[in-house]
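Step one of this worksheet: look at the structure below.
All chains are identified by letter, namely A, B and C, in their written order; residue positions are counted from 1 within each chain.
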Amino acid sequence: MLKSALRSRWATLAVLALMIAIVPLIAPSAFYLRVAALVWIFALAALGLTILMGYAGQVSLGHAGFLGIGAYGVAIGPTHLGLSPLLSLILAAALSGVIAYVVGRPILRLKGYYLAIATLGFGLILALIFQSESAVTGGPDGMAVARLTVFGWRIAGAMQWYWVSAGVLLLGAWIALNIADSPSGRALRALHDSEVAAAGAGVDVAAKKLAAFVAAAIYAAIAGGLLACMNGLITPDAASFMHSVEFVAMVIIGGLGSVLGAVVGAAFLIVLPQALTSLQEYEQAVLGLLIMVFMIALPMGIVPSLRNWLTERLA
Amino acid sequence: MTKSAFGRQSLRASALQALAVTTLLSLPALAADPIKIGAVLSASGPAAFLGDPEAKTLKIYVEELNKKGGVLGRQIELVLYDDGGDANKARTFATRLIEDDKVVAMVGGSTTGTTMAMIPVFEDAKVPFVSVAGAIEIIEPVRSFVFKTPHTDKTACEKIFEDMKARSLTKIGMISGTDGFGKSMRAQCLRVVKDYGIAIVADESYGATDSDMTPQLNKIKNTAGLQAVVNPGFGQGPAIVTRNYGQLSIGLPLYQSHGVASKSFIDLAGPAAEGIRLPAPALLVADKLADTDKQKTVVTAYKTSYEKAVGQPVSTFGGYAFDGIQLVVEAIQKAKGAEPQKIRDALEATKGYVGVTGIYTMSATDHLGLGTESFRMLEVRNGGWVEVGAR
Amino acid sequence: MAEFLQLLFSGLTVGAVYALVALGFTLIYNASDVINFAQGDFVMIGGMGTVFLAAAGLSLPLAAFIAILAAVAVGLLLHRLAIEPARGASPVALIMITIGASIFIKGVAQVVFDKQFHSLPAFTGSDPIALGGATILPQSLWVVGGAIVLFVALYLFLERTLLGKAVLATAANRLAARLVGINVKVILALAFGVSAAIGAIAGVLVTPITLTRYDIGTLFALKGFAAAMVGGMGHPLGAVVGGVLIGLMEAFGAGYISSTYKDGVAFLAILLVLFFMPRGLFGGGSVERV
């Protein structure tokens, strides 16, 4: 019974809610709240990738590109089109989904390495556009982003952003868990295990993959929009290849296909540079080494390994 | 997440040194806390050639200052973070400096992007922030707590165009990098070029990591009536532009920007660098300055201690950081206290401070305090810099 | 005509560099089904190693030789410590391992070397050679010549030597190769070593033109990768043609159209090729290697 409780979606949500509730109680200063808010935001983007990679078994090395669409959408809407920031965020998320839909059709026909490279190329082209179209995007130095106002409430300060990002993450996690438990989710996972078998069982493989790709893009765009609003500034490096790599690392280090894993993976990679400041010179080397060690020694990721260990103990 | 779990780059002199100094001077400051000055620099990542010399300069400076007894009898503690050129990370570290480390001032922001990301944090906290990045939008409009030490790219354009005008070069080509520096300087040059009666007849760009610019330069070369070319950019791009320029035997005057003002540019560009002109601070011609030159002492001292400690030639970027921390320390001295508000007021009142980049005189409307006169027009001759033209 | 020639020379030089990196990709991919994202870092090790050894007083050829050996050592270690232990991992995991390796190598390089740009003197002077109104640097001829020599040498090695045939056999069918007595482990290590050597030689050849820094590998990896993909992954001739094609497209695009999206050309090419010719120009094999 404990076993199944550990695996239920309510348990996942409860653990997540507990984490969210505890941080403000133990955070010594607003700096820790900011780091935590960043974790929630990047976890949201990683969650999108979890749907794509963990459920549907499709990789994307261009995830940061969609983050960029959300971020620049929120920046461009109020500045150039006179839209409210909230409406811009919603439109940017929708646009990101539409772009994913259009690009996803041809890209998702590819498999394995070819898919990885195609998404990589797509992400790089997006980053290049953000950097080159300075008239609209402000170029390499980025552009300022208007404050986010929700029904007259102007979000500002680390504490408010903490709760906003945490709330959106919880919502995102709830949706992701529901997708996982729905017939579509089961179809997606069947697809992860064997596309041929899934197709044989009557799953519309192409449509399911595309849906996962679109969902991932929307998650990333919302995360990007929140990030841009919280920082008040967006630069093209938010959409860089390195960030796409970090998202994949978050998903795999945390645990492929696990909602909590995405959060743990994001926390790991966001807190790491803060924890390594005394080793600044070696930060990159340590990051590279950790990615390799995790991939080789803990291919399942932190959360599933931990859960297995726990259930074994309890059994 | 306890505080001790987070290591921090502390540059306090070793305990022994501190003890020696304090016993020697037997100042009442024995128990005084160190003054914390923050720095967020791009010491790694694509902008490392800016952040790396900047970080090294700050470390060397603070160490030397502490050996001499610090300021107001208190030691300086430098809290240094590396943002890797990432604006989001820079902002997080800025928050950390304010909320966690409680610094009284900050010198940093290697790039315009990271600087702009950090400005709101310091404005909100009312802590002075001396940026070492180039673009003019950092200090225009003037923000109460934000200052900067590097010349603006606008000033560089003006200096170059002044020189072109003096040489009657009126039709020019421009090839700029698509990095933040190149784009920003290109925009500023386009803005002021008309004031000098100069027309830009060719306008090309190259990516920050391009390894061959002959296609773009060839296009410029074939533009009718071309008299000179200017290359806003930094990093390795201008060195490659210079080599390709030589390869294509374009033969017209080529101007580089202050973005490559360092001996290593001449080494990278090789013989093709001969005859190139660029606006640069006095730092580059330290050994050739007249003894009467106001900057001679400070420039020579910085150059000597940097090159001795690092073993690499000085660059203007390290100089910006030197002036930044020096301005802050002077302000603390003048204010006779290390409260952020006092430091800010003293910074704004900076008058005739002789730095390695120029002579700074700030005001409520000018948080940079450098004009075109702080630039010297240099030319590469026999593999070294020579000052040319009237100042 | 002079302009066309100038762009052609530019494209060929840059293309030859991409081709060399792509060749390294191809060799490792063929033998082990791994796409090695650290391939560009071999180029960096070759260039930076030579720069620093030469600065330490070694003669240029000796410095280059030791730097190439160092790259080979790194390649072998990469295989032994990171790829071997992860045998049977998914392509995504393998990609992440080599990306991790690439980040790690860069992290170590910025401490061992430094973060500045460096250059090497051109092998045979830097006076441009005039040709039909255009100019080409002698070093470009070294790069193009070096690429041709390496390609031919690799071809002869694979087709004419027993060891080379063993590599091809391993690539074709690992189990069958083992059954006929080929030591697959040694063959895979060999592929990593040779691939690292090709990358490092490319680094030595191009550094006088492109300059080098600890993180220059990323660019080479991405462009070389695009070249390998356009040509058809796993096909040595395809890698070379793909590299030259991308180099030419970049040069002519920048020269005749606009230089703004020059860096995007390679990736646009990947996308188009993957959409319309998923197997690349020369690819004959299956889309997915299972």
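Going forward, a contact is a pair of C-beta atoms (placed from the backbone, for glycine too) under 8 Å apart; a residue touches a chain by one contact, two chains touch by 3 or more.
In UniProt terms, the chains line up like this: A = Amino acid/amide ABC transporter membrane protein 2 (HAAT family); C = Amino acid/amide ABC transporter membrane protein 1 (HAAT family).
Because the structure is predicted, anything quoted here is derived from the model rather than measured.
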| item | value |
| --- | --- |
| Chain separated most widely from chain C, comparing mean CA positions | B |
| B-C against A-C, pair bridged by the larger set of C-beta contacts | A-C |
| Whole-Å gap separating chain B and chain C, where each centre is the average of the chain's CA atoms | 36 |
| Centroid spacing, where centroids are CA-atom means, of chain A and chain C in whole angstrom | 32 |
| For chain B, residues contacting two or more additional chains | 43-44, 178 |
| Where chain C touches two or more other chains at once, by residue number | 110, 260, 263 |
| Sites on chain A at which at least two other chains make contact | 132, 283-284 |
| Complex contacts: residues of chain B adjacent to chain A | 1, 3, 5-9, 43-44, 80-82, 84-89, 91-92, 95-96, 98-100, 111-113, 116-117, 120, 135, 178-180, 183-184, 187 |
| Chain B-facing residues of chain C, complex | 3, 6-7, 9-10, 13-14, 17, 110, 114-119, 121, 126, 128, 135, 137, 206, 209-211, 213, 215-216, 219, 251-252, 254-255, 259-260, 262-263 |
| Of chain C, residues touching chain A in the complex | 35, 82, 85-86, 89, 91-93, 95-97, 99-108, 110-111, 218, 222, 225-226, 229, 233, 260-261, 263-264, 267-268, 270-271, 274-275, 278, 287-289 |
| Chain A residues within the chain B interface of the complex | 26-32, 34-35, 38, 131-132, 134, 139-142, 144, 158, 227, 231-235, 237-238, 273-280, 283-284 |
| For the chain A and chain C complex, residues of the former touching the latter | 53, 59, 61, 106-107, 109-114, 116-118, 120-122, 124-125, 128, 132, 241, 245, 248-249, 252, 281-292, 295-296, 299 |
